[in-house]
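Got some structures for you, see below.
Below are two complexes that have subunit A in common, paired first with subunit B and then with subunit C.
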Partner chain A sequence: MSVARSWRHQVQRYNLIGTSCNSCGKYFYPPRTMCPGCRRDGEIVSYKFKGTGEIVTYTVIHTAAEGFEHQTPYVLGIVKLDEGPSLTSQIIVDPTDIYMGMRVRPVFRKLGDSGEKGIICYGTKFVPE
Partner chain B sequence: MSVGIVSYGAYIPKYRIKVEDIARVWGDDADILIAGLMVNEKSVPDMDEDAATIAVEAARAAVSRSGLDVNRIEAVYTGSESHPYAVKPTSTIVAEAIGATPVMTAADFEFACKAGTAAMQACMGLVSSNMVDLGLAIGSDVSQGAPGDALEYTAAAGGVAYIIGNKESELVAVIEDTYSFTTDTPDFWRREGMPYPEHGGRFTGEPGYFKHVLGAAKGLMEKLGTSPSDYDNAVFHQPNGKFPRRVAKMLGFSREHIKPGMVVSRLGNTYSGSCMMGLAATLDQAKSGDRIFMTAFGSGAGGDAFSIRVTDRIDEVRDQAPKVEELLEDPVYMDYAMYAKHKGKIRRA
Partner chain C sequence: MRDVAIIGVKTTRFGEMWGRSFRDIIVEAGVGALEDSGVSGDDIGSMFVGNMSGGQFVEQEHIGALIADYSGLSEGFHVPSTRVEAACASGGLALRQGISAVASGQDDIVVAAGVEKMTDVSSGSASTALAAAADREWEGMMGATFPALYAMIARMHMHRYGTTSEQLAQVAVKNHHNGAMNPIAQYRTPITVETVLNSIMVADPLHIFDCSPITDGAAAVILAPADIAHEYTDTPIYIRGSGQASDTLALHDRRDITTLDATVFAARRAFDMAGMTVDDIDLVEVHDCFTIAEICAIEDIGFAAKGEGGKLTEEGETAIGGKIPVNTSGGLKSCGHPVGATGIKQVVEITHQLRGEAGKRQVDGAEVGMAHNVGGSGATAVVHILSRER
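Showing the complex of A and B:
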């Protein structure tokens, strides 16, 4: 990811900043600028998610993408936040301990870097609550 | 006007390695080492943790412990000897992650193991002059010891954050005064681009640690007209278990004085976090009216002494974030091979 593109999304990664619709009460992550239900009657505002949620499903990665080889085996999961939206994230947990429905909370971790000379990308991962 | 601690937060990675597992690799006698260092095990960061992520976790704990408005934090200073970047501040990462940006000032501090207390002193100055409302001072490190070097047995990972303010009703502890003692002493150093620090071996004790801790501690008690009997607890920098015990005795503090803050045997030396972690553990069990004496040490070299008085607000905030004792509970132990991988000492070809 380019430095500029990574930086534009930094706020959402650091703190799970999304949006919510004041008209119908729905929450969006990643943030939406228009509510698909209310359309023009929707009132979209910025919203910082609590970050707690539960594991909907997960997979254990044994053959990692470039730059993540040293972390295998690691867990990728879909987390359903308590406010509703779901997102995919690395779950920091022993692969033998994870289960569907496990409660999780957010932590601040290194997501990766672009080599020894590049910028370090930080953001949110999840650990068992 | 009073200046002091509005809130505090600590973070310790969950992994540990035992001194005996390191000693086995290098053929050292674990029993002699454990008796000499008075350290049994040390914390190890996860592979995606560094001084910045640890600083963020500690800062978030401090913010949630007091429930204050983060926009009131107008200065963020992070002390570390393991900042992830050579050029690019750790403190901006922390400030952004707690949501305190953009109307604020930030900078990183370096002074071996006392960069965090130097940051506390800077925040004290800023809040007492009303230049800022609240200041955030952090000590965070993922310290490295060269494989086989004596430092490898104790170099640990952890961080502690203190929010400094000047409104008496908000303070969990008043900082009555601070006093520093500093000289140019080459007891420990790391040159730019070098992965591991160098040190003066046995030279580091007397002209480094003891001279500067004693200089700062005696100087502060003289200035305030206090003596060890005026204090309920004391905390000294903990590069191992032996130095703080010995310096406490030299100053006239008892074993009971230093007991609540002695975390090094189960944690190792968290460098910039070391003394501040001891203070956090002491605050975790403090009662209103308790007086705490603290002296941090940083190689290079200097000592920062603080005289602290706990207020009744401690009971309102204490349980709102994890205590140091809770962070030390239920560690996950790793062997030397896994430790070497975590610390980047071995890499996949």
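Showing the complex of A and C:
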């Protein structure tokens, strides 16, 4: 991943900052710059999420994506934040302990790197609450 | 709008073709389809080619021009040739674009094709290329793989509806059974439920035998206005319905994790256009990139109620001879999945079936067939209904 691309969403990734729409009250993470419900009638503002939520579904990955090989097996889940939106994240938990509906909270972690000379990318993962 | 017919088809052999290049296989498919139709290259009005990622798989873009050139349709003819991309639904979308070109009256004879050459890169690089069909910034960057996204669908389906790993495995077993009878299939070896369940876990609960492979292959169909189709063939196959729909790029934004709304809407639009219902369909090729995807597809199109897809498979109703034969070609699982070519290959299989030339895979009395092609984890779906009757 290029430096600019990683840097661009750094603040949002590090701090779980998404957006919300003042017109309809909906929350968005990952952040959206246009409300899909209100479109041009929406008013998007920045919003920092509480960060707590629950596991909607999950998987234990044994064959990793490139750059994630040394992490296997790792748990990937969809987390529904308490404000409403869902996101995809790694869940730091023993693969035998995770269950659907498990309450989770955010932690700051390394997400991955682009090789020895590449950049290291940080962001938010989740752990049991 | 004019009615449209398929007058020629061809699929290359699917598999690891290290001795053959991207341009070799697409030219083979195009020439084969033209020979099947009896059309001269001079008559081609335009071409549409589905290709997901020439850029990542063979470091080649500008696919439309390349194919026109190597088909002998550039110099002297300068035939318009357009590449169409919607990840793994690129082929189905190329067909839809071709149909529009004929139906609108813009062109008479149109080639709709699909091609992917995936084995020129390592399997790791191929997986990275495929991950671009999902949300790179908010799924891929978190370590998501395609098997992982479908595994999360499977986990939810099992939790909510009681679908079992054995039922998922039966999709693979059935598709390998069909693929074993298909001369172009990548894997022509029958397997058992135990083969699937004892294979390595890729992303729990999906084993390696729940996943479609990495494949080289190409396919092409020749389209013509229905009014002149009989000039070329005694058995034109008519396009009765065509539907396309979009959904959120990322799985986590979906209304329901176990439903591909894009499939629901694309199927509904195709049925509306054809004036048909699921009861009219004699066989279907669905997008089984993973075993769970076939179960979701037969539910979302309407062959089974939501949650009943596993049971329908278990009861043998999706096998040849069952209530609704699914993936007689072997599907993506056994026939192979060259992503840009898959949507066209499905339509070639349905055409062979409706013409009654599918050999051991033949579905008796097949009059109406359907092809269902998905991009990504369900952000694009394309559904076509084909029929012997106009």
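Basically, the second predicted complex is superposed on the first by the 128 of 129 C-alpha atoms of A that agree within 3 Å, B and C clash if a C-alpha of one lies under 4 Å from a C-alpha of the other, contacts with A are read in each partner's own complex, and residues count from 1 in each chain.
The rule we apply is simple: a residue touches a chain if its C-beta (ideal position, glycine included) is under 8 Å from a C-beta of that chain, and two chains touch if they have at least 3 such contacts.
Keep in mind it's a predicted model, so treat the numbers as computed, not measured.
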Subunit A as common anchor, with subunit B and subunit C clashing or fitting | fit
Look at A:Ile98 in the shared chain and tell me whether it touches subunit B only, subunit C only, both, or neither; answer first, second, both or neither.
-> neither
Is it subunit B or subunit C that touches the larger share of residues in subunit A?
-> C
Mind working out whether A:Thr57 is in touch with subunit B, subunit C, both or neither, as first, second, both or neither?
-> second
Is A:Cys38 contacted by the first partner subunit B, the second partner subunit C, both or neither?
-> neither
Partner chain in contact with A:Leu111 - subunit B first, subunit C second, else both or neither | both
What is the contact status of A:His70 with respect to subunit B (first) and subunit C (second): first, second, both, or neither?
-> first
Considering only touches as defined above, state whether A:Tyr14 meets subunit B (first), subunit C (second), both or neither.
-> first
Identify the partner contact of A:Pro30: answer first if only subunit B is touched, second if only subunit C is, both if each is, neither if none is.
-> second
Examine A:Leu87 and indicate which partner it touches, taking first as subunit B and second as subunit C; both and neither are also allowed.
-> second
Answer with first, second, both or neither: which of subunit B and subunit C does A:Tyr122 touch in the superposed model?
-> first
Distance of closest approach, subunit C and subunit B, by C-alpha atoms in Å = 13
In subunit A, both subunit B and subunit C touch residues 71, 111
In the complex with subunit B, residue positions of subunit A that touch it = 10-11, 14-15, 48, 69-71, 92, 107-111, 120, 122, 125
In the complex with subunit A, residue positions of subunit B that touch it | 46-50, 52-53, 56-57, 60, 84-85, 93, 96-97, 99, 341, 347-348
Subunit A-facing residues of subunit C, complex = 124-125, 127-128, 131, 135, 137-145, 147-148, 151-153, 155-156, 159, 200-206, 208, 250-253, 257
In the complex, subunit A touches subunit C at residues 1, 5, 9, 30, 56-66, 68, 71, 74, 76-78, 85-90, 95, 100, 111-112, 121, 123
